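Note that the chains are named A, B, C and D in the order they appear, and that numbering of residues resets to 1 at the start of each chain.
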Amino acid sequence: MNAAARFEPRDPHFEQRVRASFARQAAMATIGASLESIEAGRVVIVLPYATALTQQHGFLHAGMLAAALDSACGYAGSTLMPADAGVLTIEFKINLLAPAQGQRFRMVGEVIKPGRTVTVAEGRAWAIDDAGRERLVATMGATLMAVTGRDNILH
Amino acid sequence: MNAAARFEPRDPHFEQRVRASFARQAAMATIGASLESIEAGRVVIVLPYATALTQQHGFLHAGMLAAALDSACGYAGSTLMPADAGVLTIEFKINLLAPAQGQRFRMVGEVIKPGRTVTVAEGRAWAIDDAGRERLVATMGATLMAVTGRDNILH
Amino acid sequence: MNAAARFEPRDPHFEQRVRASFARQAAMATIGASLESIEAGRVVIVLPYATALTQQHGFLHAGMLAAALDSACGYAGSTLMPADAGVLTIEFKINLLAPAQGQRFRMVGEVIKPGRTVTVAEGRAWAIDDAGRERLVATMGATLMAVTGRDNILH
Amino acid sequence: MNAAARFEPRDPHFEQRVRASFARQAAMATIGASLESIEAGRVVIVLPYATALTQQHGFLHAGMLAAALDSACGYAGSTLMPADAGVLTIEFKINLLAPAQGQRFRMVGEVIKPGRTVTVAEGRAWAIDDAGRERLVATMGATLMAVTGRDNILH
């Protein structure tokens, strides 16, 4: 994946903007996800394991992984957008590489290609066990759209 | 999409099996999703709108849509699998076509191509407003794997 | 998939426009693909089997299927775009359902959701044998972008 | 992407096997693609620009990029498979990041997660101009299947 450092943000206040937007994502609070870090082009979200989020075998449900990874990718894209732009996900694809077992999960979203209208990002989800060992459990490719001039889609 | 009627299930008790497995998906209870119907090769899940499931603009979070669609596609595949097989999602892709606004959402998962090991399914998510009008808000393409002989992955 | 009839084209001359653009796609001539039909929101391309297009087992190479399906989806989207717009593929996903064996292949691209900037289309590839029997061998989901005001990307 | 070095191939002769299989892919000869390098879990393919491979704006057709990237990903997976396994692509997704303009293209396929049945790989396509400058033009995520015991699908 990319070294995020090479991206030049257009909005110097991207971190506050992303933090405020994430706080309005009720779905993230519902599943217990929180922001670990925000850099230009890179956002990390942490999700503790919870039985309330499992599928039938007791693993984290793929959709819950996808939800947190989608937010990580979307906000990674948002860090590079203008201050007045909202971000929408056009599409994403997720590959589930291994059963999502662990004490907690770490979702890393990174911008591959920023664009005026369309931005492409990639995500990695790592399962972390009690001993702190990490295992790659999912990869995501996401296409994002910057939306401006629509009052109901801001940030 | 396909007329599901042409598929011949290998397990005559697929409906009970899917119903029991869905009941063990804690994530579906957490988001409030329920089974509407189960046929050979086709499963419908209903998800009421809830502010607890929203993203920053008040629409249903794409990950919540994806979670319910993934379950619809996975269980559609499961209906055609042998009685002793567990179903895992290898990957899925979701396209978000319109903001997920509505009173409730209807997720239809259908098998496109069943297989001994790999099954391909497609999903459609419809938003339904107070007047009962439906609007297509997302499409999914999913690849599923039938897993047998692993005690921790059953049904 | 959709009944294409419900789409209202913005450019009454979409058929000539698509036909002229397809004629400029040298890649389609190279692989031997031709247009079968053009309707508003729906384009069909035919590709005869040729050993020059095979992978190592003698089946049609997945990339050749993808190329013709991508053109079918892209031009399906183009039929609904304004006369001065060029169409670019943002991304596509293809599922290979069965070995691509046959005398010829029929690629159907259909618009699922047209948009001012972003259009979503789906494709189906059918293998046709000597007796005329059809078999679904691939499905595609594609995201397209309408590009205007760039002289090097017209139609 | 991954450092390929950490993968332990099961077939010590993977390089000859991949080279022989690639030589049987008539589609690669047709488009002019050649193997640049083969390592355990990583394969690089080079494709010179040719007007015969273009879409309507004179860029390389997305399907031609996809064909070479699919082969790079598939053979990257194949390097880690047993000597008697054939490799089939289950699905791939490609994001087109920039118009595919250049003197030649370099496709890098790398395994993200090898598996007994299912392997996940990622691809990157770089356009290289006359001055040797590289630009990332496409990313791919591919799911591959190892097939054994079928005489018509070997290597």
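One rule holds in what follows: a residue touches a chain if its C-beta (ideal position, glycine included) is under 8 Å from a C-beta of that chain, and two chains touch if they have at least 3 such contacts.
Computed from a predicted structure; not experimentally measured.
Across the assembly, the mean Cα position most removed from that of chain D is the one of B.
More than half of the residue-numbered contact pairs at C-D reappear in one of the options A-C, A-B or A-D, namely A-B.
Homomeric contact chain B/chain D: same residue numbering on both sides for over half of the interface positions.
Centre-to-centre separation of chain B and chain C, using mean CA positions: 28 Å. With centres defined as mean CA coordinates, chain D is found 32 Å away from chain B.
Centres computed as Cα averages put chain A at a distance of 23 Å from chain B. Residue positions of chain C touching 2 or more other chains, listed in rising order: 90-91, 93, 95, 120, 141, 143. The residues of chain C lying in touch with chain D in their complex are 21-22, 24-31, 51-58, 61-64, 66-71, 86, 88-96, 99, 152-155.
The part of chain C that touches chain A in the complex is made up of residues 90-91, 93, 117-118, 120, 141, 143, 145. Per the touch definition, chain B reaches chain C in the complex via residues 1, 93, 95, 97-98, 112-113, 120, 122, 136, 139, 141, 143.
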